[in-house]
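Note that chain A is present in both complexes that follow, paired respectively with chain B and with chain C.
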Partner chain A sequence: MSIEIRKISKSYGNIFALDQVSFTFEEDKIYGLLGRNGAGKTTLLNIITNRIFPDTGEVLIDGIPVKENDDALKKVYMMSENNFYPAGMKIKEIYRWTKEFYPDFDTEYANKLADMFELSLNKTVKSLSTGYNSIFKIIIALSVNTPYVFLDEPVLGLDANHRDMFYRLLLEKYSESPSTYVLSTHLIEEVSNVIEHIIILKKGKIIKDESREDLMSYGYAVSGKASLVDEFIIDKNVIGIDSIGGLKSAYIMGQVPKGNLPEGLEISKMDLQKLFIKLTDN
Partner chain B sequence: MQINFDNERPIFIQIAEWIEDAILAGAFPEETQIPSITEFSVNYKINPATALKGINILVEEGIVYKKRGIGMFVAAGAVKKLKEKRKEQFYDNFIRKLVDEAKRLEISKDEVINLLERGYDHEYRN
Partner chain C sequence: MRVKSVIKYQSHDYIKAARGYYLTFIGITVFFGLILRGRGTYTIGGYEFLTCIFLFVVGLSSFKEFFLMMLQNSISRKTMIISKLITILFMGLILAVSDRIIILIGKLLSNISENIEILGFYDRVFKSRMSLLNPVVSNLEAIFITIFTYIAVTLVGYFVGIIYYKMNKTLKLFVSIGVPATLFVLLPLFDSMFFGGNLSKFILKAIQFIFNGKNPYNLLLVCVGVIAVCIVLCWLLIRRAVGKDK
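On to the complex of A and B.
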């Protein structure tokens, strides 16, 4: 069971939004789909959910091509930043319609979550603030019980308390009945510990596809006097450099060298956000 | 109970250490249950696989064990085992760092020993 993305390309005019993208979302894992604005995240998500079509390549859900295939699409729920819901519709009606398409939608659980987030089900979509616009969709995503759930910028406009609540609810739900969750977000620090596997898109290409732990284990920074750092990094894969006065920090991909460091140099680990920034700079 | 995760080490190792600390502090006595994977995951907002990996380290070391269908328990003798393990790590974790810093600051060996004694005296006065 998986979603297989096979050699997907999509261009708008002469700009490649996605360029020969291939990878797999495996069963029951929480993914982070990360990329800067314009990297192609939303285009990719829209292709997976058959909202737009790729120029070449295909997407298979559990082996079935998604193109014009409702059975495959019923296995996927996508919460997107854009609203595809009629503005005048009440939340409770949206929940009812959701259940029509996704029979496993748990209305009782959705009502409970609405209560926790203090979302009134009688409100219409257009009357909701940015935060509550995210909340009513988060609630669908957590209640829909499809094998694959995509969340595109799920915490947009949420205050710190509601963000905290969302991550806890997601983990609780995932622990009790695992599905594949894909979080596409630019709030990397917040999701860093929540996700198990990371996919990084840069200018329409996949530049990283690996477990969070592996990725984190071989990014590190070395700091010290500029001349010493320069000497140290000669044979290393340097992904970025910061300088201040005579001090320098170099960001390196690779195993942290064993044994003694030259005197005056210090090694520290990079957090995911730093790693991401250095990998996707320029 | 809060854990302040740092970036220097993998999260699963920090989870394992936190449980060890709690066992050493008597918060989880021997033969009592520790929180479940889900509780760790939800409370600390970490992926359940990470929490599981942390707990599995302790299972392998015989510090905690699984009671089928119930949960994870602190093994009998866990405190003694942990103290021995931490003693072995004491040199690497504390003494080496102390000596390195002392050298950097040009504090002599005698001065360091004096400071150690002062530390002990201070502790006894309290």
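On to the complex of A and C.
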């Protein structure tokens, strides 16, 4: 049970959106699909869900080629940034039709989530704000019960409370009935505690496909008094520094040095966002 | 299973539109019937033409929203086109039967009151043929021909809708101005300048062949041809169509 992406390439004119991309989404994991703007994340998700076609390569869902195949396609749901639902349709009608196309859609759970997010089911898509446009699609994604769910920029326009609620609900849902969730987002700090596997795209190529733990072990953070930190990082590969008053945190690539640390310094886990910036920087 | 769901979704939209169309038609007919009571006759000649215009518009406007909704729900393009054809077939059948019933009611009403007169297109064009046939047979034949006409008209609208979806804004503007300009300005101009009016004569002959008043099966033949061509062209366009931003 997996989604296998085999040598996918896609170009728009002279621009290579995806270049020989190959990897696998395994079952029942939460993935983070990360990359800078124009890295090819949305193009990849659109190809996986048969919305656009690759120039070369293929996508297999549980061993079945996805291209124009309803048996494979019914196993995926994609919440996209662009709205493909009819603008004049009411949310309750959208939920009714989703149930028609995805028989495992849990209407009762969707209604419960709508209550929690204070989403009126009688509103039409076009009358919703950007945040609520994301919310009604998030609710479908969490209620659809397909083996593979893709969320492209799921928290677009959501306030901090709703974002927090979404991450909590996602983890709750995942622990109760695991599926494969793929989150494509720019908000790396926020998703870093939710995702367990990270795929990083850079200019249409996969540059990292590793578990979060492995990726975080690429480096470490050291913090303490600024003078002590400055002394400690002299011969290290520093990828970022945060300073507050007389305190400093430095993010360093490489293994934590063996032996005793100078007194007053503390070692902690690498910051995912700092690592991401380092890895995707030109 | 998915074909059934897609047909259900489309039929819901079509039925909603058809309900609006019939209610409007009945409303207008009753309104003019009452206004003209004792002062004249409210006549609709070639009633099916109205339905043809309605179906063309339905076909034209039914692609984009439907296509995107289907992509959102992970429906393959193959399932989309199969379901679309089945829905159009059923709609053609239902509307052809409904229209014939309305025409028969119209005939009945015109016998009772002189205010309202609803004449079918088939009844007018193939008047001489109808007088030769048994009324049941002639009405069944009218329904049969009308079904194919409706399917053809809807498919032409649908085909144009897909073409428009695939075009960019500049091309849409170019076609919207270019096609009527070619048909109504350039073609007659070229015809008189280079063909000595033979092109117009040919078009007239073609129309006479289709609506010759004696043989409705010429019309049927043309409709079948249009349906076949539209199915092939629609499939060729849909199979590579991709989701675009609204």
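Just so it is clear, the second predicted complex is superposed on the first by the 235 of 282 C-alpha atoms of A that agree within 3 Å, B and C clash if a C-alpha of one lies under 4 Å from a C-alpha of the other, contacts with A are read in each partner's own complex, and residues count from 1 in each chain.
Here is the rule we go by: a residue touches a chain if its C-beta (ideal position, glycine included) is under 8 Å from a C-beta of that chain, and two chains touch if they have at least 3 such contacts.
Only a predicted model underlies this, so the values are computations on that prediction, with no experimental measurement involved.
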*Specify the outcome, clash or fit, for chain B and chain C once both structures are aligned onto chain A.*
fit
*asked:* Which partner chains sit in contact with A:Asn46 here, chain B, chain C, both or neither? Use first/second/both/neither.
replied: second
_Partner chain(s) touched by A:Ser177 [first = chain B, second = chain C, both, neither]_ = neither
*Between chain B (first) and chain C (second), which does A:Asn260 come into contact with in this model arrangement: first, second, both, or neither?*
neither
*asked:* After the superposition on A, what does A:Tyr167 contact: first (chain B), second (chain C), both or neither?
replied: first
*Give one of first, second, both or neither to describe whether A:Asn193 is in contact with chain B, with chain C, with both, or with none.*
first
*After superposition on the shared chain, which partner residues are touched by A:Asp271: those of chain B (first), chain C (second), both, or neither?*
first
*After superposition on the shared chain, which partner residues are touched by A:Ser217: those of chain B (first), chain C (second), both, or neither?*
first
*Based on the superposed arrangement, let me know which partner A:Asn122 touches: chain B (first), chain C (second), both, or neither?*
neither
_Closest Cα approach, chain C to chain B, once both complexes are overlaid on chain A (Å)_ = 28
_Of all residues in chain B, those that touch chain A in their complex_ = 5, 7-12, 37-38, 41-50
*asked:* Looking at the complex, which residues from chain A come into contact with chain B?
replied: 30, 164, 167-168, 171-172, 174-176, 193-196, 212-213, 216-217, 268-271
*Along chain A, where are the residues that touch chain C in the complex?*
46, 49-53, 68-70, 73-74, 76-78, 80, 82-87, 97-98, 100-102
*For chain C, which residues count as touching chain A in their complex?*
2, 5, 8-9, 65, 68-69, 71-79, 239-240, 242-243, 245-246
